[in-house]
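Structure, as structure tokens:
Letters A, B, C, D and E mark the chains as written, and numbering starts fresh at 1 in each.
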Amino acid sequence: MIRLELTEKSFSGIPVLGPMKLDVARGEVLGLSGASGAGKTTLLRLLAGLDHRFEGSLKVEGRRAMVFQNPTLMPWRRVIDNVTLPTSATETQARAMLDRVGLAGLEDHWPGQISVGQARRVGLARAFVMRPDVLLMDEPFASLDDARVEGLLELTAGLIAETHAAVVIASHAAGELDALATRFARVEGRPARLVQERVRAGS
Amino acid sequence: MIRLELTEKSFSGIPVLGPMKLDVARGEVLGLSGASGAGKTTLLRLLAGLDHRFEGSLKVEGRRAMVFQNPTLMPWRRVIDNVTLPTSATETQARAMLDRVGLAGLEDHWPGQISVGQARRVGLARAFVMRPDVLLMDEPFASLDDARVEGLLELTAGLIAETHAAVVIASHAAGELDALATRFARVEGRPARLVQERVRAGS
Amino acid sequence: ADLPVLKVAALEGGTVNWELDTIKHYGLDRENGFTLEVVPVAGKSGSDIMLQGGAVDAIVTDWFWVARMRATGEDYRFIPYSKAVGGLLVAQDSPAKTLADLDGKKIGIAGGPVDKSWLILRAYAEQADGFDLAGKTEQVFGAPPLIMKAALSGEVDGAINFWHFGAKMEAAGMRELVSVGDAASALGLSPETPLLGYVLSGDLVESKPELASGLVAASRAAKGKLATEDEAFARLRPIMNAKSNAQFAALKAGWLAGVPAPGPVDEAAADKMLRLMAKLGGEKLVGGATSLPEGTFLTN
Amino acid sequence: MRNRARLWPNLPVVVASLMALVLLWACLAWWLADPQLAPGPQIVFPTLWTALVSGDLWPDLSATLTRVTAAFGLAMGFGVAIGIALGGSRRADRWFGPWLTVALNIPALVTIVLCYLWIGLNEWAAIAAVSLNKIPMVAVMLREGMVARDTDLSDMARLHCMGWFARLRHILIPQLAPHIMASARAGLALIWKIVLVVEFLGRSNGIGFRIHLDFQMFDIAGVLANALAFVAVMLAVEWGLLAPLAQRASRWRQR
Amino acid sequence: MRNRARLWPNLPVVVASLMALVLLWACLAWWLADPQLAPGPQIVFPTLWTALVSGDLWPDLSATLTRVTAAFGLAMGFGVAIGIALGGSRRADRWFGPWLTVALNIPALVTIVLCYLWIGLNEWAAIAAVSLNKIPMVAVMLREGMVARDTDLSDMARLHCMGWFARLRHILIPQLAPHIMASARAGLALIWKIVLVVEFLGRSNGIGFRIHLDFQMFDIAGVLANALAFVAVMLAVEWGLLAPLAQRASRWRQR
């Protein structure tokens, strides 16, 4: 469960995010869209509790996981360790998850030896293997080919259904959001506000 | 002009790219597609002359520029300097180009203070401002919103038409390739081969 | 067999070791009621710390140090060991005849600006020729071996070095321009005043007077042996680090010349020397001791 | 302006911190209660003050500072160059790395003595001796930095045909800045340790020479006063030069 | 297996490189033609050999090595901890940074003498003196590394609630590895410079003690032989311990 009441978030005096309210209950998936530089990453970092320098209040319940926009892997640990070490998942679980995101066989590579898209998927596997209560995803499927994205969307949807997590996904691709989100919002303006768009018909 | 005759490219003994021939004349735009991890970046780095450890021969004529898959900015130089310093462009030119990729006003930010999509566009501006004879682009428009991509595609097409450059673009998004390429090829298989797809009807 | 142990810090291979080695070899320590233990040190600074830190019972240093310590209230006593002093050496073919001829030249000095020989020579130059030795020459202070090398290579025009280096330099063909002993006599100081000696803490002397007197006796006995028996000195040759017979002879002669006369030290002469040093060397050298503090020299 | 605004608020803290240190020292000295061996600030500061106003200290201080400055400049120049060269090429490192290890582990005393013996008992020898002792240390630190550098940026520079000087200035030096800063700071300290020996063995002035003199006379208060004078200068260098430089070099890190 | 395969091919190069160095030395000595002041390898190696086979050298060498090892361990431990603490918190750095600068610039001689006077003339004082001289240097280098670290990874670790030990082991230490390596290498060298003074001032054995004695005797060949013995040990440490460690720590860099 996520509840943010933001008055302002600014970087060295320049407000980037304006006043906004954001609630995501368990089982809900909030799809965030917005132009490049709108403030999606800034908002997600607030939600993740990685940035406390803002005015307002934040409440997040449960174990959090985040898929970072830059993969943020430990370059000095092998792929498999990058999944197990930060998450306390067993190696078997990690291997299974890596297999599901299409990285079977790369477990023993170093992060410097895999492609950008592969690294991104390691980040996905790391987040998924935790089975988190709160899942934050920042452009999780960028620069992956369509076939791959489709498979990953399915995987993600399945995981969300299983764990009943509160999810926020930021993405520039409308298709990805459509496939997952139960609610939609746009980050817009300067300082950015949250424009509630519509609730998905199905849920 | 680019001419590559590759016998093999391997990483620590494991072949990644198999035998292939690749010719790109001035004015041609080769669109590369391929799954994540297929070998697109590897191939582009060969063409850029950044990796000499391969078997085969490479000939590239003219000034090269590359849009890297990771923006590769100097974090200790401001955005404007990141454009001018490596390219010997004047500041006026750089400002104009930054403006055209939608970064007006961010010239004096440090790279750590801009969003991922903005950084990627700085990389684009840096490559474009050189007006290169050979332009290599690795997922240049990933994680940018559709409106922005459209504008950038136009800009790119205009630049290519002006400079009559030899261009190779690797991208996972078919739409982007369609908008720019005169020829298409897929990087496929392990070790990867180049599968010529089709020639664009128009050119 | 369980005689009290006396630990003496001495520069390994230094001249003091010749005497200590002789004492041990001939059992002079046991004859005099103690067991000598030599603690090797690598430099004078080290031995000071060892004495203050209580790691040894005795070190070898000059009595100015004792005077200075006594003036600050620290109780140390001095047993004469040597009166050997060096001289100012110049190259064999140097045109210099007196100190005044060194005007504008470079002098290398091993003991630093408060070296006793240097101070005496300064006073002497002032008195004999009205010559300001410190002001009119350029001094180069340095470690003894470096001064020796600089003098031999002609980098400095004159050199004042510790006597055993002086002996080697003379053996290598340098000549003495002025001897410090002569200069001291000319200044009215007694050349018989011993400069170097064993220094013990007052506590030890009070609590175990037999140890102190034993050391005095053993030292005297060793000096006698070395002066009279050739083989006693010949035995020491390996540790004397003499490169040639000439050096060996020079070192032997120098050492024997430094043996102080038996009997108590002439305190009046010492006091006179201290006053002169205080005038020349200032507080740096003597600290608060402007006249000889009572009890500096161990009398028994 | 911005820089200064960020520097000044530190000043009270720095002063408070130093005063706390002096207080600690005073307490320790009071507790040890041995003014001869452990003189407190109330003894050392007046000693220092006397030396300062009498003008005794200045020639020595300036002599030492000249040596430190010259040796520092030389050592940083050569050390950085050697470190970059060895770190930049595996081949060079394989061939000359062992030399560096040897140079690193040759005792200071040996270098100093050999310099004096071969160059002569003069200022050049002193400066050479100090530099020679420091160069390997700087080189080793820079080599480590080079090995850890990000090659993507170098690739970018190579692709764009940046000149070697531009590459040095905009890519290499900023990337090595933490290592350069560290070696500058650690290096100043090392130089200081060596200058002391150098002055002791073969010079006729300088703070090191005085310290040794005081030490021979067992004047611990004098030793501390001289050391303090130098420490004060180094503190001034730290806050007047190194800290602003470090701040400038890491401006881009501000989030 | 793979590691060893990558290490061994270097051996011939290392040997060749060292032989070249000896050759250079021989040429220099031959050119200077002064066997007293500039003894060539043909004089120094036999001296060293004699000392080795006669067994004279071993007690001193082992005494020095014990001191170096103990001091090295202590200094790295404390230095790394202090450096990480100061580099990790701006507040701590503002308060204790000045202390570090002072500590860095206190002359080795002063620390050594004070240790001897206060702790006593024993092995503990010697080891403490060496460590105290080295700690600030290691701390300063690690602080620099901390300031330059990548905070994204720390964020990731924090988000995933990694324990402090896991964070230290998997995030911080690998990231600081180049600085730790640099300070280990430079630190060994520094320790060696200080052990020499420590042994000179208050110990009766050790290579430093020997070197000083030989110097007093003006036996340059002896000085070099002793220095060489230590350099040889340090070369062994470098290739037996540090180089494989460094290689292990940077395995992931292989492209």
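Criterion: a residue touches a chain if its C-beta (ideal position, glycine included) is under 8 Å from a C-beta of that chain, and two chains touch if they have at least 3 such contacts.
In this text, all values refer to a predicted model and were calculated from it rather than measured experimentally.
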Which contact partners do subunit C and subunit D have in common?
E
Highest contact count belongs to the pair D-E
Taking the mean of the CA coordinates per chain, how far is subunit B from subunit D in Å?
46
Would you kindly tell me how far, in whole Å, the mean C-alpha position of subunit C lies from that of subunit B?
82
Which residues does subunit B have that touch at least 2 chains other than itself?
11, 70, 113
Residue numbers in subunit E touching two or more further chains are 37, 113, 117, 177, 208, 212, 215, 253-255
Among the residues of subunit C, pick out those that touch two or more other chains and give their numbers.
45, 52, 143, 145, 149
Considering the complex alone, what residue numbers of subunit E touch subunit C?
37, 113, 116-117, 120-121, 199-202, 204-205, 208-209, 212-213, 215-219
Residue numbers of subunit A touching subunit E in their complex, please.
45, 48-50, 63-66, 68, 70, 72, 74-77, 81, 85-87, 110-113, 130
Of subunit A, residues touching subunit B in the complex:
11, 33-37, 40-41, 69-70, 102, 113-118, 121, 139, 142-148, 172, 174
The answer for subunit C against subunit D in the complex is residues 44-45, 48, 52, 65, 68-69, 72, 74, 108, 112-114, 139-143, 145-146, 149-150, 155-156, 284-285, 287
What part of subunit D is in contact with subunit B in the complex they form?
152-153, 155-162, 166, 170-171, 174-175, 177, 249, 251-255
